[in-house]
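Okay, so chain A shows up in both of these, paired with chain B first and chain C after.
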Partner chain A sequence: MTSSAVRSPAHRAAGAPGHRTLLTSAGLVVLLAVFAIFPLVYSNPLATTYGFDALIFIAAASAWNIFSGYSGYLSLGHAVFFGSGMYTVAIGAQDWHLTGDAVFALLPLAAVVAAAVAVPVGLVALRVRRHTFVVITIAIFFIFQLMAFNFSFTGGTSGIDAPILNWAPGTYNDPFYYLAMVIAAVTLALSWLIRRSRFGLHLRAIRDDEDRARSLGVHPMRVKLGALVVSALITGLVGGLWYYFIGAVHPQSAFDPLFDLQLALMGFFGGLGTVFGPALGALILEPVQQWLTVQFTNDYLSEILLGAVFLLVILFLPRGVIPTLGERITAWRSRARDRSVSETTADGGAAPEAAPPDLTAPGTSAGAPASRTAGRREGTPS
Partner chain B sequence: MTAELRTEGISKAFGGVHALDDCSLTVAEGSITGLIGPNGSGKTTLFNIMTGYERPDSGAVYLAGQNITGASAQKVFGLGMGRTFQLTRIFPRLTLLENMLVAAKPSRERGGLLARAGGTVDRRRARELLEFTGIDQYANALAGTLSYGQRKLLELATVLAADPAIVLLDEPAGGVNPSLIQTIAARIRDLNARGTTFLIVEHNMEFVMGLCHQVTVLDYGTVVAAGPPEIISTDPRVLDAYLGAALDDEPSPDGADA
Partner chain C sequence: MAHQIYPAIADGILGGGVYALMAVGLTLIFGVLDIINVAQGILVIVGGYLSYVLSVHLHIDLFLGLLITIPAMFVLGLVIHTAVIRPLRGSERTSMSLLACFAVAIILEGALYWIFGPNVVTLKASYINSSFALGGFYINDIYVYCFILALALVAAIYLLLYRSRFGRGVRATMQDATAARLIGIDVNRVAAITFGIGVAVTAAGGMAYGATSGGFNPNSGYDLISRLLAIIILGGLGSIGGALVAAVFMITVESLVDIWSPNWAIVVFYAALVIVLTVRPSGLFGRKAVRAQ
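On to the complex of A and B.
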């Protein structure tokens, strides 16, 4: 078994990234247009409510993924940030006597408060690894729910009602819908930027092997806490918007264990750690859940069915829709390519294809021995 | 920045087991130093203490004259000391190129916090190092698909990405086929010729004796001998510590010189 033996086509980059990027961006533009037009076509408030719900969860699941998907630290306590956002807007509107459109001005504050909550939460929970971390996030989640029940400024069990918005019923949902759409789009863009950045690379390195990452100069606490704060910021913002849409906040709706599970389920369903997987999960699962709830007014039945969906996902798509489909397509493509390669020449086919297009770009092509030795010298102590 | 690595009187116990006992050694700048000793003699523990993964109970570690005892692993790396692990460790779900970019120090050409990981300089350098170790044809493959020997090469390449002044290798030839061992040795020599200092833990005596300028022998957590390989390989204390059991067993039936 020689190490330099030519390995299977799985080694090659899947497709041509140039084309793929173009295709992806075109797809996203179309998707955005579809979302933008949706309320105009289906102006029925029930339809726009479905749309709003889906967008809220696209943003929340993608925010969860920025932390949990990229770092591999599964949080089952993101409702802490969602609820903090809800209560921030609720208490702010109540104490500062804000009504109508003015309440929306509290949304940035909801984001900031949730991010601020994430700092102590992260400093405690991120001291431990993996499974223990999951347990700690659940514990912290229940502490927050308990606090919401018992503090006076949260209104206790009776919660806080939102100020009435006197918008026309027919188009009431639309501003909420478009605001959620913008948040979802920005979150996805941010998620994409983070994933390809140095920050995102360090997160994924931590996911793969945290101790090894340390030996290569990665500061795990800094990186993980940074991701948690970004994630909490968006989740809090979304929570604040959700509160005004729903019109009330209670401890059990703000700090809802089902919310935690939903985010994780959407992430797993679409593909943990991929940019668009959790959004896809939200887009599919949230309407399904809403529909189940409407169809089966017995609340438990819909939850049992949702549980069945979860089991099916774990059984058949353990790594999520996007990675599984991606693999299938890559395998199918390389099979097709192998056929065409074997028809022409047996050898030589692998080498040129293995060269990734973005690296044959100007500047990198000059990797000749001369520049290799020249480049290696810089920074070496002498 | 010089790269002399020195330990002074390092002791470390795990429960009642004394992994290291007053261990002092020096790795001269620009050298390839071998660290050998039987299993359980404390080599990996010493590596872990030098690179910030463990704290010694007593004693100190100096890198280029600076006391780095108890510094975190990430800080030690920042000071110019890289390491590999006995059980080869890579990031399996990152591509080879991404593996390389984790360690790359952010170069100045790059923009803000969310700029793409690795500017063109970093990427070019990553490619060169992959080429240098002979695995550049897999640059865009996931590291988890590599064979064991290729992983060893990748691990070495990633450590080199940030241009460390000194590199600690924990069994670079362990479980690797003979032709690849030659490649690894050749790469270490190349790098050393360009100024990188090496400290190498290895059980393959041929590899150590052929490559190292200096060899330090550890037994029961203490340095029992240090010197050039030709002297070390004939030192009776070393033979006793390292091959003791085998040598003792042969003559004992005769009882001649016991």
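On to the complex of A and C.
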């Protein structure tokens, strides 16, 4: 459990002075400006393709995080929504004979279809927890992939090609890039709003202890399903845009197991359940992966390296960059402020290691002091 | 119709035996370590390639080669456990271990692609294409041999679990790891060896899969793991008997639907899982209610 993730909004509002929020928003404005200027500075189509990929994954990983990060239900089946979005735009454009810019009008439909798919998926999958949930999401993912292969309206193995856009090659990527940027920014804003809301609080209560949350008046099914639908909505939208950019949809690319894994990897790398962690993970990992693919023309080697990076993240940065950094800073501050506090908590931090995982989890709810978790962190190899 | 149904049932039962063997390894690892080894699918393929190398380059018989590949996969299991599984601690261990196993699977898949390429390979032996007649239809010898092999190994695992001191330690750990530790069981050692055994069965599973499925490549791992996961969830996580029944049931259903439409057979497989779990979230033989976990 991340210490920053469990802190309640009220706690943050009372504890943190306004200048910190101001600093964060100033940083975000600068970042947004950098993203907005990027295609003007690096107008090379290869650079804007990298940028577009990164933005798509920022949005998708943040959307994944709204469900999996906040609720603790690890989904390895988000490609279901991504693929549904891709196929919605593909089939819509094909059947209604849309061409050129008109295809973009189908993007909201992609989002709606993906959200509609999420309702039955959620009603089935969210009845179970932990491992079983993860496995059910994988099973549902395979059902969708097989359906895409077998139904005739999906075009089967040959897939569906996108209508051709006759835009100038030099600036072809730019509209896609800016659309992805808007989606990514809106997703992050939504993620931030959800985290601060009562809805977000319910989600994190479910993550910490679902049965206790229920007894406190949270409706777990309603809340979990709501988060899944919001998450699917964005993932489907992103999928629709991705389809038009890539120019074709196939069952393997629409429902790709590596996509599921990438979202989880980005979430874990940046910090599961934090607002900006998954975006940071996407921003770092997606270009790295693209670079690896270009650098080593051997696909297999880049696959091995992706696995190795993933493994190293899990083993050495298990709670992600942002929470770990945050804890380091908090620990350093509290040590500077009060030496004795950090000493006693370091002793207390060693004990929970021996206890079974299920017993330690609820203990971190309702705002355990950050320095205590930091003390435990020091005990494990990192 | 009957001339299609009986062979399909026979195929389902014989093939189900092989899946049962692989699934028992998976559910055993879950029961003791509380993790799902999603690398099991690709490990089966690794086992298959080991048998392939031994038979093609060293001309060792497939079944004889198991004397080498089973210990080799056991050691690989110990290595994975020591390097990847054991270091994981803390409250997120469950999901972390799942992702760690996924990462291991990706690395192994990439390595297999690198070494063997994407071409489908088949295991060859004199008895692979021979068959015998039974009540009006033919059964391949290799299916029967592999079924017997699977039965023998599952029986060996059963004896180890229920008739040995080590097995008592394993079962105690499955029931309650903390209590097992308190009464003096070396839970870490039990976990390591269990993981080793769970992976070791993939050597036999891979050989049997390679000999009966008509060929495999590194990508076959996805197909395998999704079936194995469906089987152990359906049987109830951690239940060995459940895994056996579910394996035979699922493979038989798949092979029956295959008569009607090969394309939809595998969809029915997952749909069965989803339907069963909607009615019974803990699976057919779940040892405890999933909701309570």
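Simple rule for what comes next: the second predicted complex is superposed on the first by the 321 of 382 C-alpha atoms of A that agree within 3 Å, B and C clash if a C-alpha of one lies under 4 Å from a C-alpha of the other, contacts with A are read in each partner's own complex, and residues count from 1 in each chain.
Simple rule for what comes next: a contact is a pair of C-beta atoms (placed from the backbone, for glycine too) under 8 Å apart; a residue touches a chain by one contact, two chains touch by 3 or more.
Since this is a predicted model, take the numbers as computed values, not measurements.
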Partner chain in contact with A:Val134 - chain B first, chain C second, else both or neither: second
First, second, both or neither for A:Leu201, with chain B first and chain C second: first
Touching partner for A:Pro169 - first (chain B), second (chain C), both, neither: neither
Touching both chain B and chain C, residues of chain A: 1, 355-356, 364, 380-381
Contact set on chain A toward chain B in their complex: 1-4, 7, 10-13, 190, 193-194, 196-202, 204-205, 207-209, 211-220, 350-351, 354-356, 359, 363-364, 367, 371-372, 375-382
Contacting residues of chain B [partner chain A, same complex]: 1-3, 51-53, 72-74, 77-78, 80, 82-83, 85, 89-94, 97-98, 101-103, 105-106, 113-118, 120, 123-125, 127-128, 131-132, 134, 137-141, 145, 147, 149-150, 153, 158-159, 161-163, 165, 176-177, 179-180, 194-196
Complex contact set, residues of chain C against chain A: 30, 36, 84, 87-96, 98-100, 102-107, 109-111, 113-114, 177-178, 222, 226, 229-230, 233, 237, 263-264, 266-267, 270-271, 273-274, 277-278, 281, 290-291, 293
Chain A residues touching chain C - in the complex, by the definition given at the top: 1, 74, 76, 124, 127-132, 134-136, 138-140, 142-143, 146-147, 149-150, 257-258, 261, 264-265, 268, 272, 298-304, 306-308, 310-311, 314-315, 318-319, 353, 355-358, 360-361, 364, 380-381
